[in-house]
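Here chain A shows up in two complexes: once beside chain B, once beside chain C.
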Partner chain A sequence: MTLQSQAVSDFQKATQHYIAGLPLDRGAWLTDHRWSAVTRFSDLGFPDKRQEAWRYTSIEGLLKQGFVTSDSDMEVVGTEFEHHFLDGPTAGRVVFVDGAFQPSLSDTHVPGVRINNLRSAMETSDLETLKSVGTLSGPGTHGFSALNMATMRDGALIRVSAGLRLDAPIDLVSISTSSASGRAMRPRHLIVLEQDAEATLVERYLSTSDNAYFTNLVCEVLLEERASLVHQRVQQESPSAYHLADLHIELQADASYRGVNLAIGGAWSRTKIGNSFAAPGASCELHGLYLAGEGQLVDFHLDVDHGVPGCDSRENFRGILYGNGRAVFDGRILVQKQAQKSSAHLSNANLMLSRRAEIDTKPQLEILADDVMCSHGTTVGQIDPQALFYLRSRGLSEERARRLLCLGFASEILEQFESGSLQDHLAELIQQKIGSETKGAS
Partner chain B sequence: MLRIRDLRTSVEGKEILKGIDLEVKAGEVHAVMGPNGSGKSTLAHVLAGRDGYQVTGGDVEFLGQDLLDLEVEERAHKGLFLAMQYPVELPGVNNLTFLRESLNAVRRARGEEEMDAVGFMKLVRRKADEVKLDHKLLKRSVNAGFSGGEKKRNEILQMAMLEPRLAILDETDSGLDIDALRTVADGVNMMRSPERALIVVTHYQRLLEYIEPDHLHVLAGGRIVHSGGKELAFELEERGYGWLLEENAA
Partner chain C sequence: MSVPEQQMDELVRSEYKQGFITPIESDTLPPGLDEGVIRAISEKKGEPEWMLEKRLVAYRHWLTMPEPQWSSLHHPPIDFQSISYFSSPRPKDGPKNLDEVDPELLETYEKLGIPIDEQKALAGVAVDAVFDSVSVATTFRKPLAEAGVLFCSMSEAIREYPDLVRQYLGKVVPHKDNYFAALNSAVFSDGTFVYIPRGVRCPMELSTYFRINEAKTGQFERTLIVAEAGSHVSYLEGCTAPMRDENQLHAAVVELVALEDARIKYSTVQNWYPGDAQGRGGIYNFVTKRGDCRGDRSHISWTQVETGSAITWKYPSCILRGKDSVGEFYSVAVTKGRQQADTGTKMIHIGENTRSTIVSKGISAMQGSNAYRGLVRMTTGAENARNHTQCDSLLIGDRCSAHTYPYIEVKNPTATVEHEATTSKVGEDQLFYCRQRGLSEEDAVSMIINGFCKEVFKELPMEFAVEAQKLLAVSLEGAVG
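Right, the complex of A and B next:
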């Protein structure tokens, strides 16, 4: 048996076992969904390199690691999690540790915002909340997301009431501890903003260990008419972790979504963001910054679908690569025939700090309408020697000068994390990460 | 303070500086003039330590040390400053952060304490006023989208902050209107002190009406072909460089 088919059969068994073992009061409502996802998984298997979307991103290491065991009730090790919370005022906090919701660490009482978690919604058969789960993702677009649907256990369910404007961010943080070692966590989040609602959601994945584990996550975002969401995402997993995120966004008329993604952790990470416009007048901005160093792979796939007229999309991603780090950037924009008066712009810039680093960047614009404004641009470059000389001639060491230039390169994206203290914190993380790499080109 | 002896420099195999001799003492202001392409910027860059220039002969002593042996930042630490003809834009690098980092790097090297945020802000505001740099530009990215005049004022601000022992200004006056020119000249005159020397590279005699140099040198074809006092500027204004080049060729 090949690694692939062995893995498929292992996962099938484990998944069927998992579902069959679920108590009736825990997720019975979703059992149909789960079984259809199992069928889906059997049909799809795991993605492989023959599929264009996975051409540069091998899952072999991930399958070898196994991660067949998913998150069951693990003992939460350590109790000091508060310092991971966002600074400053928040409009609610949802904390997961090793995949499980932590009521004592969370703050779900925000007037006008319904904050729940998937597990308790399943336990109480809260159909009103659950009915939207999976509407965007379906049973899964590849084997991993099908497994997420089949065995999902917990996640955040957030609904912001019509017309409500939150002036502080919602803090959604998932922390992995050493107990997560060797396991898969399959969180599933659902974020709904009703008509005219405005909110900021900060969604982070952190780790207190450097163990290997697998976050296999699906997040669905539904914005109703004129709703507006700022979605700030940080992937800062353990250096040995695997992280796979599928983000589905749907925008109703005149809704606006602005997302910023920072990928800095993990040994292997892949984020797929799919956006579809359901009605005219909506806008979607996706920003991102990825760093990949020695032994790391980071992959972003964007899929923006203009299926209706009069929507705007803008993607701006930047990458810093060093050591033998590898990154994949795949930005696909489809403007369908009927989607006149669309505007779609895509840009991807990469800063290579080492000759051994690798980037595969592939903008794909498929434009079938004729009355549109579209552009794309991709760059791969090194640190500008003139800029380096300028800084050094003012007394900065070469290392310090390189760091400052890297941060300068990143700043356009970091600014999208509006909070000053979060920006400072992330800038500090970036400096630590690239620290020794800036001593000289290798 | 600075002694250049028979300095020869090539760029991409082509000899640009063909034996420069120059001595600058503390307290002096030297002007360097000369036609385009004569090697003025090359000389300034070699002194500041920029890559890509091969020194093929001669030596440079700065404050008793072999200057050419030092790294770029070490030269800055020792008190060398180059205001560049084309200041580099650094998108995303905040001007204040940059100024503070360089000031503290130079202070550390001098064995002084780093300046705290409050002290730094006071100082930078005062100096920015002196060089008439809009405070808004302090919060922006270094030189990014600055006008030509703003970039040059920003160079003068850096010089005023770092208080170098030897400042080289490479055509800081080029492309400036008369107001900006006066500001630059005032900035330079403010820096004049018995402990400090300045080398002002300029294309125009205009600047020298405001900054009176002690010595004036004409650089042509990679050599200093003539040296004199400030009155030489007026002669050059009237007669151009032609007569010097002919004299030199003869």
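Right, the complex of A and C next:
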């Protein structure tokens, strides 16, 4: 039996065992959803390199780790994690530790915002909230997302009321500790902004250990008419961690979404952002910055689907590669037949600092309508020797000059993190990460 | 821009200008494919044992391969058993000169506008005209022979220069490469062989006109061009085909080998029958073209203008092995009616300081579908390698489509890769500007499209550049303005 088919059958057994072990009072209809996701998983299996979307990303290492589907009931009290919270005022905080919601660390009392977590919604059979779960993601587009659906345990459920404008960001933070080691966590978030609502959500994945664990995340974002969301995401998992994120974003008429994604941690990470327009007039911006260093693989997939006329999308992703880091970028823009007056522009720039690094980038345009403005651009290059020379001639050390140029390259994306302190913190983090690499002349 | 339905209809109904059939008896094998057919082809061509062996190895491998499904093309399954794999105009013992050539055949060329006799004197182009599967006329052999250039049909080359053929054939495109290359390696009927000796600059532009004539016959051309150190050759390939109701399969393989400081320029104008308005008929064109820049400072340049065929599946590629070698790809692909094109290139950078340029212009009109699919790979040894890619798509009408699928793989930090692509329709502002300067809408659109393709056309040899512009104008007649 191959590793793949062995893993599929192992996961099938483990998943069935997991569902059978769940208390019965948690809503029978949800159990049906879980079983149909198991069937879905059996049909799909795990993705392999023969599938176009996975041709550059092997999951062999992930399967070999043999992560176990299990839950933590740990409830944290005290101030141990406080320094991970966002500085400054926030409009609510949702904290997960090792996949479990932490009521005493969270702040869910924000007028006009309903903040709940998946587990308590299931325990109280809050069907009103639960019925929206999975409407955007379906039972799963690949084996992992089907497994998330089958075994989902906890996650944030956030609903911002119509017309409400939040001045401060909502802080959604997931922290993994050493007790997450060897475990597969399956968070599932659902964010809904009702009509005319405006909010900023900061979603972060942090770790307090260097252990290996697996985050198998599905996040659904629904923006109703004229709603506007700024979604700032930071993936800063442990250096041995595996992180798989599936984002499903749906925009209704005149809604606007601005996402910025920073991927800096993890041994292996893959983020897929699927964006669809449900009605004309919506606009979507996706920004991203990825750093892939020694032993890291970072993979970003964008799937922007223009299914209705008159929507705008902009994608801008940048990557810095060093050590033997590998990055994969796949940016697909689909403009369907009826989607006239669409505008879609994608850009992907990569900076290679080391001889052993590798980048595989694949922007795609699929255009079926004629009255459109679409473009994509991709570059792969190194630090400009002239810029370096200029900085050296102004008295900067080689190391500082290189670091400055890298930071300059990253700043276009970093600026999208509006909060000054978060931006500074991330810039500092990036400098630390690439600091050692920029010492030598690659 | 609105597209007047009436004009469009006229174009759709207008007959394919090169659509006529020359009634010539031909020596054709019955449809079907098995080892017996391959043995028969080999025997008819009087091939040596090693060639038959090569064919059989390829055939056996082909049987184990699945048909590729990854492209964006849609077509009914091809029944490989319903195709006749060999067709040759009246078997004679090889005509020595034009007088011996069937006059009806010559007339066909006249209709196509290829007056072989006049071309000798006027165009300075040596033509190895391929009528169906066997080369029937080869001109300008003498002046070429004086320069030491070998320019002959593949069958002849196998008989007369077996060592050269054995040394190079199947080395750039091995039979295991892909499904259609394997098929071609098994059943190829004929093609062109060009050998330019060391330091020779080929005294004239070489050209082959392909023409599919026999009903239900696939054409499986095999072309091999070897340019020895310091040599230089420009090769022109042009195609037209008569009107047919059934889909005709064409699976050619072209191999180029450029040694040190050698330079090969390969230009194609492809205008095979694209099928009727309902998508019936038309050529299925599955081509494998690859150039090996084996020597340092070698240079291979592909230029193509693709206006015909129901289906085009073609990725002329360069393997940039030699230091400082250069690969180029310039392409204009036009799809209209129900034509589908999935075309692009691969640039594999292996050597130091290798450079490549890709310019691809896709024009989709009516229900045409056009895809650019390309790969740029910088391997670890590709020190200071450089690539620039520009892919632009122009959409005319709201039922067509344009896709861009570039793959970029970089493993060397000193390599620089740039890729840009745009998709849009003819700009209203450009059109408005031209109109207010007194141009008719049709002229304005034609001018804008010609401008759009200019970067590629300027790479074509003179004769082709003129032909290509005409072809484009005819192809898009009525579809624009």
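Convention: the second predicted complex is superposed on the first by the 430 of 442 C-alpha atoms of A that agree within 3 Å, B and C clash if a C-alpha of one lies under 4 Å from a C-alpha of the other, contacts with A are read in each partner's own complex, and residues count from 1 in each chain.
Throughout what follows, contacts are C-beta pairs under 8 Å (C-beta built on N, C-alpha and C of every residue); 3 or more make two chains touch, one makes a residue touch a chain.
No experiment lies behind these values; they were computed from the predicted model shown.
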Chain B versus chain C as contact partner of A:400, first or second or both or neither: first
Chain B versus chain C as contact partner of A:382, first or second or both or neither: second
Which superposed partner A:411 touches (first chain B, second chain C, both, neither): first
First (chain B), second (chain C), both or neither touched by A:89: neither
Partner chain in contact with A:21 - chain B first, chain C second, else both or neither: neither
Touched chain A residues, chain B compared with chain C: C
Touching partner for A:392 - first (chain B), second (chain C), both, neither: first
On chain A, the residue positions that both chain B and chain C contact, one per complex: none
Contacting residues of chain A [partner chain B, same complex]: 384-387, 389-398, 400, 404-405, 407-412
Chain B residues within the chain A interface of the complex: 48-51, 71-73, 75-77, 81-82, 84, 87-88, 90-94, 97-98, 101-103, 105-106, 109, 141, 158, 162
Residues of chain A touching chain C in the complex: 52, 337, 340, 350, 352-355, 357-382, 442
Parts of chain C lying in touch with chain A, wherever the complex brings them together: 70, 378, 380, 393, 395-425
